[in-house]
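Structures follow.
Next come two complexes built around chain A: one with chain B, the other with chain C.
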Partner chain A sequence: MSALQKGPDEAAGGERRAPLLELRQVSVRYPVGGRRRLTAVDAVDLRVHEGETLGIIGESGSGKSTIARAVLGLAPVSSGKLLWQGEDVSGFDRAQRREFVQAVQMVFQDPHSALDPRRTIAQSVREPLDVMRRGVRGSRQEVAMQALADVGLTAEIAGRYPHQLSGGQKQRANIARALVTRPRLLICDESVAALDVALQAEILNLLQDLKVNYQLTIMFISHDLSVVAHLADRMNVVYLGQVVEDATTTSMVDQPRHPYSEALLSAQPHVNLHEETNRIVLTGDIPSPLDPPPGCRFHTRCQHAIDRCATTTPELTEALPDHWAACLRTEELYGLTGRAKELI
Partner chain B sequence: MTAIIVAADSFVGPSRERFSSGRAPVVASYVILAIVLAVVVSADLIAPYDPNKQDLDAILLGPSAAHPFGTDDLGRDLVSRMIYGTRVSVLAAGQAVAIAVLIGVPLGLAAGYVGKAADLVIMRVVDAVMSFPAIVLAIGITATLGPDITTAMTAVGVVMAPTIIRLMRAQTMSVKGATFVEAARSFGARGVRRLILPHILPNVIQPVLVQIAILMGFALIAEASLSFLQLGVQPPTASWGSVLSRAYTFFDQTPMQIFIPGIAIALTVFALNIIGDDVQRRLDPKRKGR
Partner chain C sequence: MTATPTSSRPKVAAPLLEVEDLSLSFRSGSGEARVLHDVSFSVGSGEIVGLVGESGSGKTVTSLALAGLLDPRTAVTSGNATLNGEPLLGRGSANRSDLPLAMIFQEPMTALDPVFTIGSQLMETLTHRQGKSRKEAKREALVLLEQVGISDPRARLASYPHQLSGGMRQRVMIAIALACAPRLLIADEPTTAVDVTIQAQLLELIKRLSVERDMSVLFITHDLGVVAETCDRMITMYAGRIVEQGEVEQVLSKPRHPYTAGLLAALPSPETRGRTLAAIPGRVPPPTQVVTGCVFAERCDHRADECGEPQDLAGSTHQVRCVRSAELTLIGAQRLEVGR
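Here is the complex of A and B:
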C-alpha cells in the first residue's frame, strides 16, 4: 500500500478545502437513435484531492472510462458541473481552459493505439507542447527528451516508431507524453490493463515514483481491484454509471459497506490465504445502460435484494466515518454504522 | 469498342494480389512507367518526325527502316505519333486523376470527419454520380459541352472522384475514432492544422495513393475510349486513343497498327496496377524506420 497522502484539510476533519477536481452530479448521455438516450454516467459526484491517488473501480461498461473522458472534454457532459479547484470548468475563458487542459492529462489503456503509428516517439511526446505552443521550439524537444528520460526511455528510443517498441516501452512513452505539460492531475484509464503482470508492476512502480517527482495527483481507473488497492488512497466503486461506494482504501478493503464492493473484494484472489472466505459470485452481466433497472441498479444481481430495492433509489450515505455507500440495507447487512457505534 | 468500355468500367482494379507474387513484374512495371514518363518528357527530342506532317505519297505503309511502326492513312509517321500521343494521353490522364484527388480528398475527409449533414449531402451526391456508368457520363458531358480533351478529362476526373471520396470517408471514419486521435484531442489538438493534417490525413491517405495508380490506368483507358469515339483528342493531335481509332478505321488494310497503341495502353495500365500494389506494400507504417 502506498503511503496515505492526506491533504492537511482532511487530517483536520470538518470542512475540506476545495478539491483539485470535483464532479458534481455529472451525467453523460449519448443519443442512440429515436428519442432514446444512453446514460453512461448518471449524476456522479466525485472529488479528487490534491496529492491523493483516487482509484475508480468498476466492471466493463460501468462508465468509469466515460468519467475520465468527460473530465478531458472527450465525452459530452449533459448535466452537472465539473469544478477545477472549486471553479466551474464550463465558465473558463480561453487562457483558463488552456491551463486546465495542461493540468489534466491522460494515459490511455492501449499503449499501442494511443500513439500515432506514423510519428516517432519523440514527435508524439513533444506534440502536446507544440499544440499548446509552450516555450520555444528548441526547448520543447529538450522537455520531451527529459520526460522520456524520466520514464526510463533512452534517447535512442525517441527516434523510433511505435511498432518498434515493446508494450512496456510504448506505455512509458504514453506516460512521458502525458507529463510534458507538467500536469497536476494524471488520469490513468486502465493504463496497465493491456500489459502482462510483470510489466504492470513496473509501470505501477513508475507511476508511484513519478507521483512524487512530478507532484502528481492521480486518478486511476481500473477493473482490477488489486491494482487499485495497491495504488490508491481512496476508492470509488462505480456500477452502471453511478458511484455506489466511496471510501478510503483501507476502509473499503477491510469493511465494504455495499454488496457490490463486497462481491468485488471477495472475488479477488489471495496468495497467502489461510482463512476461508466465501467468494460471492455475481451472476449475469452488467445490465444495459440503455435500460437500467429501476430503484437500486444493482438489485438484479444482488444476493441481498429485497422488494424495496427495485423501487427505491438509494443515495450515497455515510455508513462509516468518511465512508459512503449507496445501499438501502447497509445497516441491516453490515451491522451498526461506525457513527452509531461511536454514539453508544 | 464495347470491350474497351466494359474494361474501363471496372476501374477499381481486380488485380490486387494476383500479380504481386514475384519481384520481376514489379521491376518491369517500374521500368515501363519510367519509359512512359521519359517519353512524355522528351517527346520533342526523340520523335523522328513531326507527328502531324502528312506525306500522301507514303500512306498506310507497313513497318520499314524509315517508319518502324509504318504510317497512317495520311502518311504520318506512327512512331512520332505514338511518342507525342504518349505525352497527350498521360497528361490527359494525369489531369483527370488530379481533379479526382482534388475533389475527392477534401470532400471525403469532410464527409468522414464532420459527419452529420455534410456526410449526408456529400454521400448522396456521390451515390448519384456513382449510379451512372462512368464512361457514359463522361460521354454525355463531352457530347453536351462539345468534344474537347480538357472537357472530357475533367468529366472523367469528376466521375472518378466518388471512388476517392468513399475511400477517404471510410478511412477517416475509422481513424477519427482511433485512440491516438482521441489522445491528441485530449491535449487540445483541434481543427485542420493540429488534428486533421498531422494525424488524420497521413493515416488515411495511403489507400488513396494506391488508388491514384489504379485510377491513372482507368483514366488512360477513358482517354483512349473517348478519343476513340472522337469525343476526346481532336484531329490532328495524336493520342493513344486517337491513333487507335484511326488504325481501327483502316484495320482491313493495316491490321497490325491497332496493336501499337493497344499494347501501349495495356502494358501501362498493367504496370500502374502492379505499382499500385507495390506502393501499398511500401507505405505500410510497419516498414517505417527500418
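Here is the complex of A and C:
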C-alpha cells in the first residue's frame, strides 16, 4: 500500500477528463517579521471535477479559507501550480486570465460585510459585469435582475440597500452577484455559517438548485461537518495547512481513515442517536501554524500517536479504494473495516 | 417525570429558578415593541435547560432580563422571577452582586477586557464578590483555572486575553463565572464561535461543572444537536413566546409543535445528502406586529381555522402551544430508547 503514494485520481482508474480545477503542491506562505514565515497552506494537492461538489472541512486556522483565496488570486501562491482545465493559470494571457476570473466566483461568509452599504442590491449584483465591461449597461442590468430572480429575490428588493434586507436575503444577493458572470466554479467560504438553521436550509436548497440550473461545480468550505456532508460529493479534511484525508462523502462519514477526521465526526453534536457512541474529545487547540509540530502535524493531539509520528511525515496513501489518508498507522488502526477505538 | 434516560442525576422538587409570566417591552420613539409574552418556566437545581429558537425568538432577551442587564429606562418588564426564592426583577444593580447567578457569552473576546490580564479580571471578581483578600483571591484563581482545564494556570494569570485561543478564553470566562459561586449559570451561545472539537471540550466542561457543583445551567443555543447532547430539558421559543417545553428526549423524539419539528427537519446531515431540506418559509414576525392567534400560523404547514384563536401553553411535563398538536403527527429525531 505504501508504494501507492500518488495523487488520489491517478489510481482511481478509468479515463477521467482533466479536473476543472487542480491544485498541485500549492503552498501559501506569509512573511511574519524577521526571517520567519507562516505556512498557511502547505503543499496541498486538490482536484475539483466538473459538476462535483467538493467539501473542504477543517478547524479555524487549518488554512481552508486560504486555499480558496489562493484559487481566486487573493492569497499569494508561493510554490506549486494552479491548473484550470489542465492548464497552468500562471501561464495565462490576458484573455485567458479574464475568462478564468469570470469562471471562478466566490460567496463569502458574512453576507452583510460582503455588500457595499452605499449601493443598492441591483448595483452590487451588477458590479462584476460593470468591472468586466460586458455588453451594454442595459443588458448588464437585465442579467443582474435575472440572477436576482434566480436566487428568489424580487425586483422590489433589487432597489433596496443592504441594511434593509434580512440576513438570508443578503446572502441570496451575494450568491446572485457570484452568478452574473456565469461562473463554472462557485467557491462558498462558510457561506451558511452566519445563518440560523431555517435560513441555512433555504440557502443550502438554493445552492443545490442553482448547481443544476447553472451547471455549477461547487467548492464548499466549512467547519460544519453536517453541512458539508449534506452538500458535498467528496470531502477533503484539512489540518494545519495540509490535506489529511480525501474521500467520497459516504466513505468518509462511514469509515474515516484518519484519527483527526474520526475525531471531527465524533465531535459533531447530533440530534439523532444511532448507537452507543463513545465520543472522542480532542485535547488542546490546533497548534500555531508559525511553529507546526514535526512529523505528523496532528500527533500532538492524536490519541494513537506513537514515537514515529513525531519524526516521520505521513503522505496521502490509499487506505480504501479511492479513499486517501495521511496517517502512518491507518492500516494498523483501522484495518480494512472497523474503527480505531476497537483497537485500543 | 423523575428520571430520563439522558440524566442520571436526581431532580430536586423545588426549582431553583422560577419565571412566571415574564413580559418585556422596549420603549422607543415610535411606541412600544413587545418582545416577551408571558414567559413561564423553571430550572431545577443542578438541571441543564436549553432555550432554543431562531434569532429574534427572544431567547437572549429572556436571559438578559433575568440577569438584570437591560436598561430600565427603555425596558419595561412585568411578571415574576425568583432565584432560590430571591426576586430577580426590579433589583437595582447595587444589590445584585450577592445573587448566586453568573452569565457567559458567545464571544469571549468581547466579554473580557483586553487591557487587563486574565489574573486581574479573575481576582477582581473574587475580591469583589466574595470579599477575599488579594492573596486568597490569587490562590482561588489558580484553583478555578485548574478546574476549567487550563494548563499551567500560574503562567496564564499573567496572560492577556489576546494571547489565548478562543477555547481558552471561553474557559477563562467560565472560571470568572465560577468565581461568583453561581447556583445558576446562564450560558448564551457559549460554543457558537468555536470549532466543533473545542465545542465538544466546552460542553463536557459545562456538564462536569454542573454535576460537581450542583449548578443549574440555562443554556441558550440555536443548535439542537448541542441541546440533545447537553440538556435535560428544553424550551422552544418563537416570537417572544414559549411554544413547547419538556424533557429533551421527549421533545426531540416526539415534537408536538410544528415549529420544533420544523427546526429538526431543517437540519442537514449525511443522511439528507442529495435531498431538499425542509426549510421553514417566511420569517419571525417583528415584535411590533400584533398577533391574536398562533404566532407561528403564517409559516405553518398545518395551519387551520382554529389557529386564529388565542393559544395556551397546555400539558403537564411536555407542554405545547398549539391547538392542533393532538391531531398532528410530527416527525422527530430518531433516538434510540437506550440512554448514553
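Quick note on the criterion: the second predicted complex is superposed on the first by the 320 of 344 C-alpha atoms of A that agree within 3 Å, B and C clash if a C-alpha of one lies under 4 Å from a C-alpha of the other, contacts with A are read in each partner's own complex, and residues count from 1 in each chain.
Quick note on the criterion: contacts are C-beta pairs under 8 Å (C-beta built on N, C-alpha and C of every residue); 3 or more make two chains touch, one makes a residue touch a chain.
On a predicted model such as this, the values are computed, not experimentally measured, just so you know.
When the two complexes are overlaid on their common chain A, residue A:His163 makes contact with chain B while staying clear of chain C.
By the touch criterion defined above, A:Thr249 reaches chain C but does not reach chain B. By the touch criterion stated above, A:Thr120 is placed in contact with chain B alone, chain C being left untouched. Touch criterion not met for A:Ser191: it reaches neither chain B nor chain C.
In the superposition on chain A, A:Asp110 makes contact with chain B only, not with chain C. Against chain A, the residues of chain B that register as touching in their complex are 178-180, 182-189, 194, 198-199, 202-203, 285-286, 288-289.
Contacts from chain A toward chain B in the complex involve residues 72-74, 98, 101-102, 105-106, 108-110, 113-120, 124, 127-128, 131-132, 159-161, 163-164, 174, 177, 181.
Put simply, chain C touches chain A in their complex at residues 54-55, 165-168, 195-201, 203-204, 222-230, 252, 262-264, 266-273, 276-281, 283, 333-336, 338, 340. Put simply, chain A touches chain C in their complex at residues 59-60, 166-168, 196-202, 204-205, 208, 223-227, 229-232, 249-250, 253, 263-264, 266-277, 279, 281-283, 285-286.
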